[in-house]
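Two complexes are shown next, each including subunit A; its partner changes from subunit B in the first to subunit C in the second.
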Partner chain A sequence: MGAVGERLRRKNDPRLLVGHGRYVDDITVPHVVHASFVRSPLAHAEILGIDTEDARRARGVVAVFAGDEVANAMPLLPTAAADESPPRRPLTGDRVRYVGEAVAMVLAETAAQAEHAAALVAVDYEPLPVVLGPWKALAGDAPLVHPERGTNKIGEIHKVIGDPDGAFAAADHVVKRRHAVQRISASPLEPRGTLAVPEPATGELTVWMACQSPHTIRTWLSDILSIDESKLRVIAPDVGGGFGSKLNLYSDELAVMWGALQLGRPVKWTETRTENFTAAVHARDQIHHVEMALRADGKILGLRSHFVGDLGAYFHFFTPVVPDLTIDTLTGNYDIPSVDIKLEKVFTNTMSIEALRGSGRAEATFVLERMIEESAREIGMDPLEMRLLNLVSPEQLPYETPFELTYDSGDYPAMLSRAAELIGYEAIKGSQRNLREKGIYRGVGVATYNLLCGFSPSGHDWNPMKFFPGHETALIRVDPHGKTVVYSGLSPHGQGSDTVVAQLVADELQIPFDDIAVKHGDTETIPYGGGTHGSRGAVVGGHAALIAAQRVVAKAKDVAGAMLEASSEDVVYEGGSFRVAGSREPALAWQEVAEEAHFLKHSGPMFEPGLEATAFYDPPSVNFAFGATAAHVEVDVETGVVSIIEFVSVDDCGVALNPGIVDGQLHGGIAQGVGQALYEQVSHDEDGQVVSASFGSYLLPSAVEMPKLTMERFVTPSATPLGVRGVGESGTLATPAAIVNAVVDALEPFGVRVEQTPLRPNVLWELIHPEPTE
Partner chain B sequence: MRPPDFEYELAEDVQGAVSALAQGESVMAIAGGQSLIPLLRLRIARPSRVVDIGRVPGLTGISVSDESTELGALVTTADVAASDDISRSNPLWTEAARVIADPLVRNLGTVGGNLAHADPLNDLPAALVASRGEVLAEGPNGVRTIASDDLFVSPFTTSLEPGELITRLIVPGSPSGAYEKLKRAAADYGVVAVAVQLDIGDGGDIRSAGVSLSGTSAVAPRSNRAEQTLVGTNGGDDVIEGAALAAAEDADLAADERGSIRYKRAVVGALAARALRRAIARGNG
Partner chain C sequence: MTDITVTVNGVSRAVSCSPSTLLVHLLREELQLTGTHVGCDTSHCGACTVVMDGRAVKSCTVLAPQAHGRSVTTVEGLAEDGRLDPLQEAFADHFALQCGFCTSGFLMAAKAFLDTNPSPDEEQVRKAISGNLCRCTGYQHIVDAMLAVAEGTT
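Presenting the complex of A and B:
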């Protein structure tokens, strides 16, 4: 009995699947004007002048905003680490610093008219030298992205823990490698969109926005637009994926809101796909130079990495902390006592780096798991064996990492062994020689992960934002018929958290799953919430709902006690009915109690009417999920094409509240990992043009590219009341390394050295068949 | 982006379409729209008027005999990919159609449009050249036949006169055909592809050979040397290797995000050998 643990269908899917979703672009209001942006075609240039005459005269045009004066009248955008961040406004009037930066906004009666008029705005640019590539940006003579800062370097973090120098001195082997993690784009199915509706008579502003965290946006808007939060309403309607890219308040979104306030008319903007590739945040983009110190038997003694994070031209909400997260998770599941990690962060003339599913941790996992693979190969040890030797063992738990994270429980070696067993590690290794003789190159690779997630408590170290809560909230309201609405502060946009919340509330209230509706994404109806990101849905949002449900049950017992003329402590609630402990009196049904709570027909004023409760939950600490993956691949050495024959994922997310949703989250994460390993890449030419600004060039894995998946779950409940661990980002972490490790294994006879991804066919072929040197 | 404004006309018959198109270069035909609409949205094509030939009667229909496959210009690439008759008598065309883009594009894209667009990355031009097919073109001056070798002039340019429409494709059939294409991802255009169609006698002797490429600088170039290497032989391993090498050596390639010239040349060679092996096996099977 009970809904938790069942593979229930997601509540929203039927509606979305038949096309009845309501995304920002589907929402129409009267008198709306449409926005289109003029964006910089250059990565770095001074703006000498902007001629908007023709655009202003074009059919349907209502207003054109451009130029220094206008830009300076606009509010500053909120960013991470406000004192270090260069100021940024919705439009730039003097200088552009990346391709796609908004220079002018055209408002017109139709979206087509706005777009046509935008093409008539003539901007006179004086090109400036472009800075691309993080190491080049650090060079003394590099052009400066923000000349007033005097350097492109944003900061340096150097963490030395244990005795790395001693470890390297004592090592029998030191393995050195370079690993680059390429820049990627979130590529949500729905690009961004904003509809801002002002009410000049009252000073109110309602904003529909494809976003992941509406309350955070509301608080920031209040701050920068000087409108009381009581007069601001932010609504995230159906949102078609975000992956972190919709956590921000962007320049174009703020320009739309500002324009609506200037005009006193609603303004709507829907991002095009082309815009999304340049004007929505990018992710990853780190280059590591790594050294691993090893004892002769394969024990890892120490790890050094000197790495650089290319952060783009400006800060968004989390830009500077993404690579910080890489440092703090760089030892993964392994017992590596001594580390020496140096990070330099730089500005370049590119779009900002931001949080994207697995951010910071995916880079760390890739570098570590590639490094272990390379080390094992270099010292002639089996990579699986080396991992098993170095993984933190169950006996070592709780285990404190060099970065002071405390892993609570789990069995990492058992999971890795199981993944190896499921993929048929030994059999694949055993058949390699014969197959190679026939020209068939197959390989097997493994990788493990430990997902730091559910970032909390609110004041945690990786939170660089003044307004960004770590807590989550839920209001549960029971109506007189006993049906229940949960108002959740989560803002799911594809994750299915609404379904999961309904499941656990159903069990707590002992009522049917179908009697529960979950509402989210509207600041007017939902108590102050944190939204959906960082694998926090169940671990933070789930607990808020659980606590609220417990409070509702307590209240219902008060009501039942009044009806049964007993004290509420003597009331038991079991199997959906209330009775006095030990009594044989007829029991009260949930619905009877709900009705009485509202109309008080049978009991005097012994309780406060109504049946609802709110809970805010700020977890005491972060949460960890972990697992192991294995890939079996074949490489066509004539063409460089990699086929994944099978992919195994063994995951521990603690108690799986809805196994179907957990599987779905893992599938999606694995797909992103496949993309990182083999397909996706934001690429720039030497002028800083984004040459990958369409799906013809930015290759996304589709159903066809997804491998056969074999999934298995370990269940180690976390120490939280629900026993849950995060899962939303898990699949992104170990997948790329497992695939690349398998490719390296397949190509062992060629001794290829992989230093960067994606391994597109031509890239891999060039490694297999290097140009003959004279 | 949205395209600039243009007029739209739905053609009722071939004559109507032809006379509308004959009015000038700024009038363009649209069939499946799978190449033209992207160009309109990118504002690369800026026609003043678009004439929709998609519902013109008489331009559909597949008729297949052992000797030839005849396709109306509006037959979709999905129809070609799904036809059992074509797959029996003309497997080259089945294989080529099946690797075009994704099902959404194949459901709308037409064979006439695929050829008329003359994109060096399209697949059907190479299939047409390898199988030595021809198209019927109807224009202000009546109907004429254009042989595959005369159809493609340069990238995105055919020998069709202003106002001329492709109405029909006539393709010699052969069981000894194959198409090999390298794609970076399922929905991507190819890096390079090789079309092969052979005529194999009862004794296993190759009587004639057609080899053409997609993904080169020219549209569907014929690999003359590869063909000569094959004709008159029994298609043994040495011959296959030699023909594949000739196709690779003669390919006019350019470096781009899909790969270096060196890479593409190697892939042409590998794919040509695979296509030839399959075509020969089919012919002898």
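Presenting the complex of A and C:
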């Protein structure tokens, strides 16, 4: 029986379940000092002076770093599109541009002492006018986030494809709406953390870091700290979730490393949750003004969107390309021939926008699926029917989108129909009138998605970083006993990629799953890889492991051939044993060949000793995973509270290497989508304060808010050798729109117009009970 | 400094700590039981949940001196004689953990709940863990695992 496709237990669970996980904060080293940061309480201000005297004299304090001179002596941080990007340093010395920007770093013998002393640093600020909100940032008289640039506008992209003007002129209906996708936070349960351990005697630096891509970090560190990569070691130990937010090198993290080098002592820093809400990247934050051109029968002729992306104050790794991805995925699964999309990107006095599970694509899916819903309602058509009319049909595949993405295979209409069937679409619609008479408002909503994933073929525009590989790697090393270690360049932090890699390698090597260990997240042992992000684990990392495994088998056949005195082409490997083709004798077991490969007792020097292989895999193209979701909700019109009665997700991720892991990935993405639809928002007050800096005000769904999830899978293998598609981000894409569509359906009698999320009770209540107009 | 005695995972521990030390820091730093995690600084996340005298408590909201004379079980004390608790087995079988950071808190909350409510329905299970946040799993598999333990099917 093969391992692939089985619900095998995850490799890491035995440790994690007994509390033996090792997250950065669990690691201690001798002689360590602890860091605490002084962060800006203002969104925009000039720093007139910083008084660190009291802090320096406080108990246990080892050093305080602050001020213009110190900041300017610090290295620059890596950013996307370096020539357009304003410089970003570990500490800011002259000006703060968002609440939470690091102004000073205090190092002390204990974390408590560092925190105490940080509170004694007095910073004299001259407040400056604050710019918030992307449209306001574009206004001519707006305060400037980076005055030397002369504008807050970062750039503009305008793509006109097909004949949008013709489509709108020929349309029977044009529907116009505004759709805002609010700013959200990744909020991994483990905040960030860094432990930097220098070795002054040799100039080496070892960094434990809650990160998603240790090799990328190592290469950047080498560049900016002028340390050879051979002297740098970056380790991602157990990492408690990231969702994109731990893909960066942050200012505070670099300050910790820099401080360790200055002191010649280890420095450790663990972010607090409160800090995480201001000092870790945010995501989404787009406002679209959309027009849809429709024929009388509901066929979509064209789509226009003029949208603006609020990118915050600085660029991190992917900041400026996140909204670009929105453009390229704005037609989703639908056959929309003509588009006119204009994007403007702006700086504001807020934390940067970055990649977050589904980034760019989730915004596109939301806007498109809300727009179709609104269009159907406006022209009096059933929204499900309108979708079925416009979805790319299986006959149209392979289908090239207006943005030159090629969808390979799948059956989008069948998946949507199935989701509608599972949720009981017709029955819910049929019972609405009776229920409404009793004051019960229920609704059903659907949405589809097509996840562009498997990032990414090298050299693509979506990768704006000088050092950020598109490829993935695996080194497979078989020991003389035949047991095997896979060193994977992926850096899973919850995804379970280590387990699925072991599964596919087990099948390829025809050895037991339990005989395979998977190592990752340590640049000292792992070949150069890209890490975990962008739904690439199976799609890119899996194929690297597959190719390495095939090379190992080829080598094993050479060894077996030498032992059997046959040419390796005549050796067949089947059922875990090697034999000469045509002979019926079972000949050599895997373990015998592994032993011989190392000791050459029987065959003499007919091959190079050892049994291992490395593969670097650059995907030939991106990958697509797709599906349909449906939500059944009830809205309490007296309180505005939405309850999700049932949620259905029908997903196609091609071959599911481990269905338990796949389901878990989908569930987690759906929960984040529920949060986006109903609860989560990074909120600023008019001064730019983040007023949602705790889990008491930034609301993640709990088990009570989450409905029971009904999952069903379609399996359309991709054209890759493993037949896999991405899955990590899938759940985040269609979920918010399905829920909002269901809420709009439930509230049809009130004619509410939903233009933004989250649909918290107070927001919804006001939509249901508008102020009476005179 | 205050001298306190706490029974942790069945072993009596005498420690001296400052009166303002949080139980979670006593566990993690003094006793080096790092399986109990800190996910927030406002008592919202539940990553620090331990069982104290049979009740699930957030160890970041308990001062170490308040644990004096009491019995605390952490995730490290859940398995007995190297045999995993049925909840730990069920979590593995049902894929109830991903990054694992929230997991000890869920296990301890689930343990305290199921010890006093051996046959709950799904709604009760969801309510019992509503003080614990998980960003990875969407809770479905955690609920499945807890129900499997309650039904004795794990």
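Going forward, the second predicted complex is superposed on the first by the 771 of 774 C-alpha atoms of A that agree within 3 Å, B and C clash if a C-alpha of one lies under 4 Å from a C-alpha of the other, contacts with A are read in each partner's own complex, and residues count from 1 in each chain.
Rule of thumb we're sticking to: a contact is a pair of C-beta atoms (placed from the backbone, for glycine too) under 8 Å apart; a residue touches a chain by one contact, two chains touch by 3 or more.
Computed from a predicted structure; not experimentally measured.
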item: Contacts of A:Ile661 with subunit B and subunit C, given as first, second, both or neither; value: second
item: First (subunit B), second (subunit C), both or neither touched by A:Tyr679; value: first
item: Partner chain(s) touched by A:Ser702 [first = subunit B, second = subunit C, both, neither]; value: both
item: Which superposed partner A:Gly496 touches (first subunit B, second subunit C, both, neither); value: second
item: Contacts of A:Glu421 with subunit B and subunit C, given as first, second, both or neither; value: neither
item: Which of subunit B and subunit C A:Glu109 touches, first, second, both or neither; value: neither
item: Partner chain(s) touched by A:Asp335 [first = subunit B, second = subunit C, both, neither]; value: neither
item: Partner chain in contact with A:Pro188 - subunit B first, subunit C second, else both or neither; value: second
item: Touched partner set for A:Thr274, first subunit B, second subunit C, both or neither; value: both
item: More subunit A residues in contact - subunit B or subunit C; value: C
item: Contacts on subunit A seen with subunit B and repeated with subunit C across the two complexes; value: 272, 274, 695-696, 700, 702, 704
item: Touching residues on subunit A, where the partner in the complex is subunit C; value: 7, 9-10, 12-14, 16-23, 25-26, 186-191, 238-241, 243, 270, 272-274, 493-496, 660-661, 663-664, 667-672, 694-696, 700, 702-704, 706, 708-709, 731
item: Sites on subunit A touched by subunit B in the complex; value: 111-112, 115-116, 272, 274, 638-641, 679, 683, 691, 695-697, 699-702, 704-705, 760-762, 765-766, 769, 771
item: Of all residues in subunit C, those that touch subunit A in their complex; value: 28, 33-42, 44-45, 47, 74-76, 78-79, 84, 88, 91-95, 97-104, 107, 122, 125-127, 129-143
item: Residues on subunit B engaged by subunit A in the complex (per definition of touch); value: 1-2, 4, 102, 182, 184-189, 191, 257-260, 262-263, 266-267, 270-271
